[in-house]
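Here's the structure we're looking at; comments come further down.
As written, the chains take the letters A, B and C, and residue 1 is the first residue of each chain.
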Amino acid sequence: MKKAKCLLLIPLIFTLSSCVGEEPNDIAYVTALGIDKAESGYLYTIQFAKPNKISGGSSEEGGSGGDIVENISIEAPTIYSAINNANSIVSKNFSMSHAKIIVVSEETAKEGLNGINDTLSRNDEIRPGVYIAIAENAGEYLEEVKPVIEVNPSKYYQLTYENNNESSIPKNTALDFYFACISGDEDCVLPLAGVAEADEKSETTNEKSGSGGEEDKSITNKSQQEAEKNEGGFESGTNNKLAGQAGVTITNKSEAMGIAIFKEDKYIEKMGSTEAEIYNMLVGKFRDDYLTFYADSTPEIPITVKTEERVKPKYKINKEKKEIDIYIRLICELQSVSEKYRAERSIEQIEESISQMTDERLENFVKTLYGELGADVLGIKGKLKSRFLTIDEYEEYCKSFKPEEWKFNIHTEIKMLRTGMTYYN
Amino acid sequence: MIKDMLKKIFIYSPKNEAERFEVNEYNDIEYDIREEKGIKKAYVSDSFDYNYSYMKKRYRVPDNNDIVMRSIIMKGNRRAFVIFIEGMVTTSYVDDNIIKSLMELPYIKKGEEETKISERFTTHAQMRNANDFDVIADDINFGSCALFVEGVNEAFLFDVRGWEHRSINKPDNEQSIYGPQEAFAEMLRTNTALVRKIVKTEKLVALAITVGKVSKTRGVLLYIDGVANKKLVNEVKRRIDNISVDYIIGIEELQMFISDRSSIVTPQIISTERPDRAARALTEGRCVAILNGSPRSLILPSNAFELMHVASDEYLSVPFAVMSRLIRMLGMFLSLLLPALYLAITQFHQEIIPTYLLYSISAARENVPFPSLIELLLMDISFELIREAGIRMPSPIGSTLGIVGGLILGQAAVSAKIVSPIMIIVIAITGIGSFSTADYTLGWTYRVLRLAFIFLAAFMGFYGIAVGIVVYSLYIGSVKSFGVPFLSPSLHVKNRSVESAVMMNSVWQREKRPEYLKTEDKLTEPVISSRWYLKNKRRK
Amino acid sequence: MLTQKQLTTVLVNAIAVKMLLTYPRVLILMCGNAAWINVLYCTGLAVLLFGAIRLAYNTDKNIIDAAAEAGGTWLRITVGVILFIIMSANVVSLIRVFPEIIRLVLLQNTREDLIGVIFIAALIIGAVCGIESIGRVHEIFIPIAGIVFVVFLLLLIPKYNIELIFPIMGKGTSDIFIQGISGLSVFSDIMLLNMLISHTNSIDNYKRAGTKSILIGGICAFFIIAAYALSYAYPGSENFLIPIYQLERMIYLSNFFSRFEAIFQFIWTISILLYGSVYLAVITEVWETSFKIKPAKINIISIAIVLTAISAFPDSLSIATEWEIFITKWIYIPVFLLPIAVGLLCNIKRKKKDGG
């Protein structure tokens, strides 16, 4: 009996000591973090969720309406000193383990992101699957995030950045960025994020008509008109949009579109959504997407095909001549073409012309990257690793690697497998 | 009436006898059966009067109302008397077989009484002679009828036992859809007969055991000679014989006496109320103990995995039996660890939870005033109270109580914001898992250990639970049940063997007995086969 | 009495557990991303060396009793002390490093000395229960841990990138094969077999269990290192203290099934606790046999206190990891040479007795 009494005392002692865990409702969960440049240090915008608004509290109704996230901004030299300050402002303690995205402003990224890399690798709260996005102004982007069709903010970020059916952003996470910086095998690209600017006039007309019938949702987005139109056959007629240049509904103005190109850990250039598709194609992450072309013989009739890349592209590298041949294989399915044009009779012609147009556009892109910017985005150095026996030889070679000297030949093979549910004779 | 009350309060009246009565030490005990050691042993004598007066005094006859002493005068004016306990004998046997045949006995010469009475004339089946009054009294107490004849210095004991008892019913606590539907009852001979009619061999030995100095409870220890290890049988017998206690009423007390370690952690002996399970254990080489007055039997030795087996595993084909075992083990695992895992995850490891679920949990817990640990203990204890009350309720109300307890209290507690809804789900699943535990004592073990795991999880999360699991398993690993280690069978199935932990061999592959029992005969039978199958196809 | 299967599982656990802590990082520091070649090479070497031990060591007694038979009291005490030093080197680094790892990974807000106290208490209780009980629990638990391990490797398949394993010779052949001989320290737990031989029935168990466990343990170690080298690019992979934790964080089945590292750590914690109990029980037995002390359960507590005191010497985790690197450089030498030496001496002594 004495043994039982002693055994009963021990758990009581332990629970009375302060070694008890934290309740889940005593923690504030950060969903996103924004980093801007400030006069001294950085301006951190911390966005955290309000669980009561999301799931409606202890009554069993769902929450709707009202803000589901809250933002606070703090100036501090590093991420955790910002969180330290924020802990004293907000009543609950912050936890970064459910953060989905870190948004960095372009100014900060130009100076180099090695500090963030270090924090991300040392700290175990921030997960390696976090996305890093570049925006013009990170705080503004985070404040404009107002999800309309989701109740859960982290689901909004998940669907925007991880959604498999979109190819307008690269899907590189913080872990990929870390390895690209440390190993030097390749240079990383990251998604672009931005905010749509609405035209002033259209806002006032909405106010007038807001009391009467429906609101006029077709805003004329000023920035949309500034977007480049694609020249040439590849994705012709569509705009090469950066983030913030697409037309969206009024409430949620935040968007993610385009790529930001890095050289080692410094940001150098941003490119639009078409370039993002091209990048995904070259790397092998291109999923179902709809591309628009013109047929050679009928330049006014757009052809839209649903393309899929089932096999990763093959790289044939000739180290002495510094030439690379890239073989891409795309499988297409015809989606829309004019009635008058009998596409079924001239499928091979269409395939040839599409592949020529794609080749041209892809080669332009690669020339810009390697020739002008000097960023080894496709990881050529990494693919040359197998030619060396030891790491020392490889590292010596890397010191003398110059991206401008390499020549690229791209060979796309297009196969039109299906023409949809009809077959016009 | 008011007059009486006022009288009682204001006027003195002396106490009556009931109010004056007190229980004091009583020092004049004349005859105490517990001090029998000092008393000389008494033997049956030739004289009728001596025997009659001795038995009258011994059994306190005018006071003791259900003792019957019937005098008979046989032919030749020989006096005899019969003594038995009414209600414990079948009176028709006493009337027809003993008294009637005695009265019809012809004249007996002196010196031939024994043979003539016992061997030639008395028509009852079981009979023996005895000289010692202690032995005679023991037998009379257990339902025999004793015959004292003048001139014979021995008494004749007839076994005419027969009292009202429960008939054989369906098993209450070990139900199975397939298989025999009989259960043990309280009569010893009925129970042994139930086992014997399954294992019909003369090698099945039923050793007599008696426990309890005053209660003298009889029992048997069954084993199959030539199969069970003799050392095991001797060890069991040694332990049972060396129990020194006055009363043993149920076989569960015997179980507690002969277990290796009767601590809170785990039961080491299985008790079952199905004779088919007992018979199967006998064929594997174990011993079975049955006690008079208890509807359960003990199977010795046993091991940890057999606490999770039920009878229906043998009557289903192997995939279904394995699936039912896995579901049962999942239920047991949940009943032990689910509250602790929930506490550990929400308090220490919030990063495991998917984000949306975490928001619901946070929002649900926002209005609850108690910390998680207290909330969990509250709900756990109320569930145990409901369960305990449900056992004692008369059956029409019992089911209603379940509904009341489950739905209304749970729902009311959530609406009153005392507990969060997720806690109700956790406790409900834990309760359902604990009902799926096969062995009753094991269910109790898990209920106690669940509290220990809850405290460990509240203190140190997953690390505490891991420490608890390691310590518990190592402790169980060091327990032995009659020399057989408690964790004997391994998880993978041995080739062609009967033993099973989780997976089982098919019926035609069970030729060898369990290795850890060290039986004398290794094989249950030669290669098992369905011969009709052999004639058509070649077996692998 | 331990059966052959129980011995094998005890040793497989002991070898594989090393790879769950900081050891893979040591290997990568030595050889670069070609550490998998090193592991295969060391496994082959270990099998050959163990074959030599099998030929030399022919007695039924444990190594200390054999030393007593061969050389008398002084040899017994010497061998006992050497064994004690080797085994404590392993356990002391475990006692220092493991609570820190738990603090990093599972319980971020608890004091690491409190975690250490509970760790030692669990080891003591486990060692008090006895070596047979530990063997039986290993027999049941290690296959389950093996299945979890295989599932873990399979879940990582989308993350493997074959290009990361090039350049194929890593830091160079001399680093892999000549200086990489200290990779044999993974198998330094073979010492346990020489003490556990007195708990088994026959010497065949010892021989077969040793070979099997070296092969299985080596294959497990190979898979862990290969998975790590295939997923993490070379200069970055030197920087992480707990490689297997980083691998667990990479698992991504869908958004729902992507946060499983605490569950895997839970299983590895059970393995490490079992490993520690075996070591503590065997170290106590070493001490008792070499100094002829009566076996009593209280000795376990005193030795645990001594080991905890030694483990408190390094001030911080970085110093402790450097101690570990230092230990791996020399520990494999006595592990493989001592049984051969003692076995040969024993044989010589027996021949003298029989002959003379």
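Note that in this section a contact is a pair of C-beta atoms (placed from the backbone, for glycine too) under 8 Å apart; a residue touches a chain by one contact, two chains touch by 3 or more.
Given the structure is predicted, the values throughout are model-derived calculations rather than measurements.
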Overall pattern in which the protein chains touch one another (line/ring/star/complete/other): complete
Between A-C and A-B, the pair joined by more C-beta contacts: A-B
Chain whose averaged C-alpha position falls nearest the assembly-wide average: C
Between chain B and chain C, centroid-to-centroid distance (C-alpha), Å: 48
Approximate Å spacing (C-alpha centroids) for the pair chain A, chain B: 69
Chain centre separation in whole Å, for chain C relative to chain A (CA means): 44
Where chain A touches two or more other chains at once, by residue number: 19, 21-22, 125, 127
Residues within chain C bordering two or more other chains: 110, 255, 259
Shared interface positions of chain B, touching two or more other chains: 348, 351, 460-461
Footprint of chain A on chain C - complex, ascending: 32-33, 104-105, 108-111, 114, 163, 166-172, 232-236, 239-240, 246, 249-250, 252, 255, 258-259
Footprint of chain C on chain B - complex, ascending: 348-349, 351-354, 460-467, 469-471, 473-478, 485, 487-488, 490-492
Complex interface listing, chain C residues touching chain B: 5, 102, 106-107, 110, 115, 118-119, 122, 125-126, 129-130, 132-134, 136-137, 139-141, 143-144, 255-256, 259-260, 262-263, 265-266, 269-270, 273-274, 277
Touching residues (chain side chain A, partner chain C) in the complex: 19, 21-22, 121, 124-125, 127-129, 158, 162, 175, 178-179, 182-185, 382-383, 385-386, 388-394
Sites on chain A touched by chain B in the complex: 4, 11, 14-15, 19-25, 27, 29, 49, 51-52, 54-58, 60, 95, 97-98, 100, 125, 127, 152, 154-155
